[in-house]
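One chain, chain A, appears in both complexes that follow, with chain B as partner in the first and chain C in the second.
Now for the complex of A and B:
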């Protein structure tokens, strides 16, 4: 029976090519968009590559200070002094790292300007984040402390400055300072902003200690636990130490607010301005789901309409089947199956379209160094979208069809 | 004829309910995108208030081990820079424009709490940026050592605090116990760039002789045609004048280009998605109507037999979809109007809302005419004979 239904479904699809085309277009484009979005969201929330340990670390990337009257407020990245006082003495994390945010630097090669991002990092940074070294090594603790002019650079930077030859041991001049290259790592997507940069230098390189006294500005912290379960403990210790922290100018800035955030909370915080409230992770998750459902609403209604039209066209066939004793449930099963086959074909096309557009986005460099990955979670999302489409857009028309009056249907009128 | 078709379609409204729902959703999606585009266009076109050509920004990370020396070193650096042959002018500022870095405060007024962005610049920066003064004067040395700090404010902040009254030399409350004196009103200074909302702004004066002055960027106005490779020379000079400081050099043009391209990407994505959705709806309507026309061979043939011309039949098909579309637009409008009524989105003013409704209505109408055109053409091909042969 099933074989007959499937054969019949394929025949029906071939009969009215225009309808089939429209349905496939709707399904595949919708699925493509959904796949692109979920893969992007998944990639940010569960990053692969350098940030692959993200389940075990928390990032401190914003702080705000408020004056005694509660009005005047400054919001920026934390400063080294703040992070050093708050996260360095922490006991729950296995590793703590302080590093600067990305700054723009320029180097020159044969008179041509090369723009790069630069981060100053400590040695723990290389243990928390799992960079893939193509050659060389990260800088050690002593090297980071002594402030030697060393640099780890990305593959792309190495290519820009040294073409295809090995960059190790060569000297790199950016922002008026020279560094010796000791390592080359694979490019990191800009979307993984805890790790992403082009050049990494030791915190105290070129004998700079200027920043150590600054409470605010220019730095980020990462704290990593041994196990993901220790995250809540790490958070509460952070909050305790934050409460004990005093701004260097305590009279003017009595209130200091900051937070240690997981990857998803980091993303959620991008959407709200208040520092002191809890990150709206629930709202973000609901927001993403609601947007997806709303986005799928239109294609679904469209498919329902098309399917109703299709059924009306086949009313004489349905009339015949009903007259010969076919039950409503048979007809509904048959129609749902036809619809699911159609959505599956659309799904395959949509999947290929998504892969194609992912390839083009990666190549075009709109999102620098971003490479899309499709893992099982993205795949699960895709499959559920297909089922959602197939069933939802089939149920109503199928129900309508099963209620057709056979006599009227035979005459071709409803 | 239109009234007659309307009556017919009104009676068939239940049969057409799914199509109506589809157009309602399509209309709302389109309206959202059009309104967003319209608001963006408005903010983009509002005067920026300053020139960004030939200006370079040097952000620095000072060495603050000796706090008293910051001002002195920065001032020396500024002097060294302004003597360079390529440099016309040099001034300090909190943060360069077109970036996310900003300083903000709230001010109490008759209109409630106002959110105000601010910056502080050294004397003459406003002239160098080509800002427009509407009343009063810019800040200068005579503002030194006043008991009440002087500021210049933008027109919006002036309107919000003082309304129509003259604001120059007026005083307003600031941070509870302090006061500020307005010495001038300028058109605007949209620090965060063209895509940022138009808002309140005020400017303080940076006294270069006061070593405690706070600023994180020096901006230089270079001679037109200065090439980007000047940066190499600039970095060397900066390094000599303040060896332990970190400098980051960018041009305002570059900062703005980044701001614009980020803003455009954020606006292109929903537009492209909406385009795809509209295309889907168009295809869907075309398919539904095509089937509808095929099924009505009998009726349309009969009309032809009774003397209706091909054009009249064609018009009937097109008008039928237009009536359905119109019903959907009315429903969509009633749903969408809740947003400006509740005032959730501040930028969505009534005039923008109605303009967007107008534009979306026209687009949806055109879309439905386009979708109905081909099926209506098929309808004209039915001959009276087809209808009579039907059974």
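Now for the complex of A and C:
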């Protein structure tokens, strides 16, 4: 029976070329867009590469201070003083790291200006984030504390300054300071903002210590647990230490608010500025799902419409099948199968289009150093979308078809 | 084999009620070849649809093979249609996307039969209508007469006890019509199949064992 159904489905698709084209177009373009978005979201929330341990760490990337009268409020990245006071004494994390946000620096090569992003980091940063070293190593705890002028650079930066030759041991001058290159790492996507940069130097390089007194601005913190299950305990300790923290000017700024966030919470925080409330992760997840469902609904309704008109064209076949003993369930199975075959073909095309688009977006540099990937979760999303299309756009027409009166169906008087 | 007692069928619209069958009782015995005749609109097709369990009477009883059917729901009727009744339509109603053999196999798709057995039975039915050479052709590659022979093969592939033919020669020229009639007579004689045929052709009706004549929804004889 299955062979005949599949054969018939393929024949019907071949015979009605325009219908097939429209249906496949709807399915494949929708799937392509959804796969691109899913891959992007998945890549941010469950990042591969340097941030691959993200399920075990929390990031402290924003803080706000409020004046005693409640009227004045400042909100920006935390300062070194705040992070050093709050996260460094923490007991629940296995590792804690303080690092600067990216700042732009310029260097020159053969008279040509090269712009790069630079981050100052401590040594634990390299243990929390799993950079892939092409050559060399990260700086050690001693090197970081002594503030030696060392640098780890990205593959792209190495190519810009040193072409294809090894960058190790060479001197790199940026922002008026020279650093000795001790490591080259694979490029990091700008979307993985905890790790992303072009040049990483020790926290205290250039004998810089002025920032250590600043409670606010220019820094971020990472705290990493031994196991993902310890995240809530780590959060709880962070909140306790935050409550105990006093701003260096406590009379003026008695209220300090901050939060330690997972990757998903970091994304959710982008959508609301209020530091006090919990990150709206639920709302974000629902928002993503609702948007996707709505995005899929239009082509699905279109497919339902096309399927109904296709059924009407085949009323004689339905009449014959009913006359020869087909039950409603047989007809529903047949029609759903036909629809699922159609959506699977559309799925394969959409999947191929998505792979092609991902390749072109990756090589175009629209999202610097970001390479789109299809992993198991994205694949599961793709299969769900195909089934969503196949079943939803087929169920109603199939049900309608199965209820046709065989006499009317044979006469084509539906 | 087929019994209808006091069958009444009427159709309603918002303004009119049309009685298609008015207190019709018929009894067709096993192995009989019966034709139903009458002018257009007299209720022939309605009677055929009721015998074929494609429609239900408003009142009255139907017995197929001693089984009282009229109260059955669609799900229970489907296997009876599949196993006991075969249909031959005036306009063949073959599925153009399927080969001759796949068309013939269609009723067997709704039985628990292996693909191999289905193929064997379909070839056997094709042999009965002498179209073995056309097994892999598609309906639109065949003449009208050949298409009707395929339709007959489809109707008999499941070895039903009853064959219902609704003007089976209506769309064919006389030579092809005679060929079809010969096949029907053969099935009736050799396989003892009960055949009920609706026809406008008096000559063909005369060649059957009994003629049921209808007029304005009532039996004349």
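Here is the rule we go by: the second predicted complex is superposed on the first by the 414 of 414 C-alpha atoms of A that agree within 3 Å, B and C clash if a C-alpha of one lies under 4 Å from a C-alpha of the other, contacts with A are read in each partner's own complex, and residues count from 1 in each chain.
Heads up, the rule we're going with is that a contact is a pair of C-beta atoms (placed from the backbone, for glycine too) under 8 Å apart; a residue touches a chain by one contact, two chains touch by 3 or more.
If you're wondering where the values come from, they're calculated on a predicted model, not measured in any experiment.
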item	value
Touched partner set for A:246, first chain B, second chain C, both or neither	neither
First, second, both or neither for A:209, with chain B first and chain C second	first
Which of chain B and chain C A:76 touches, first, second, both or neither	first
Chain B versus chain C as contact partner of A:137, first or second or both or neither	neither
First (chain B), second (chain C), both or neither touched by A:105	first
Chain B versus chain C as contact partner of A:19, first or second or both or neither	first
Touched partner set for A:306, first chain B, second chain C, both or neither	first
More chain A residues in contact [chain B versus chain C]	B
Those residues of chain A which chain B touches in one complex and chain C touches in the other	none
List of chain A residues in touch with chain C within their complex	1, 3-4, 7-8, 11-12, 15, 316-317, 319-328, 330, 406-407, 410
Chain A to chain B touching residues, read off their complex	18-19, 22, 25-26, 29-30, 33, 67, 69, 71-76, 103-106, 108, 111, 113, 175-176, 207-211, 213-214, 217-218, 295, 297-299, 301-306, 308-310, 312-313, 366, 412
List of chain C residues in touch with chain A within their complex	49, 52, 54-55, 74-75, 78-83, 86-87, 89, 93, 95, 97-98, 102, 105-107, 109-111, 115, 154, 158
In the complex, chain B residues that touch chain A	18-19, 21-22, 25-26, 29, 61-65, 101, 103-106, 175-177, 216, 228-229, 231-232, 235-236, 238-239, 244-250, 265, 273, 276-277, 279-281, 283-284, 286-288, 290-292, 294-295
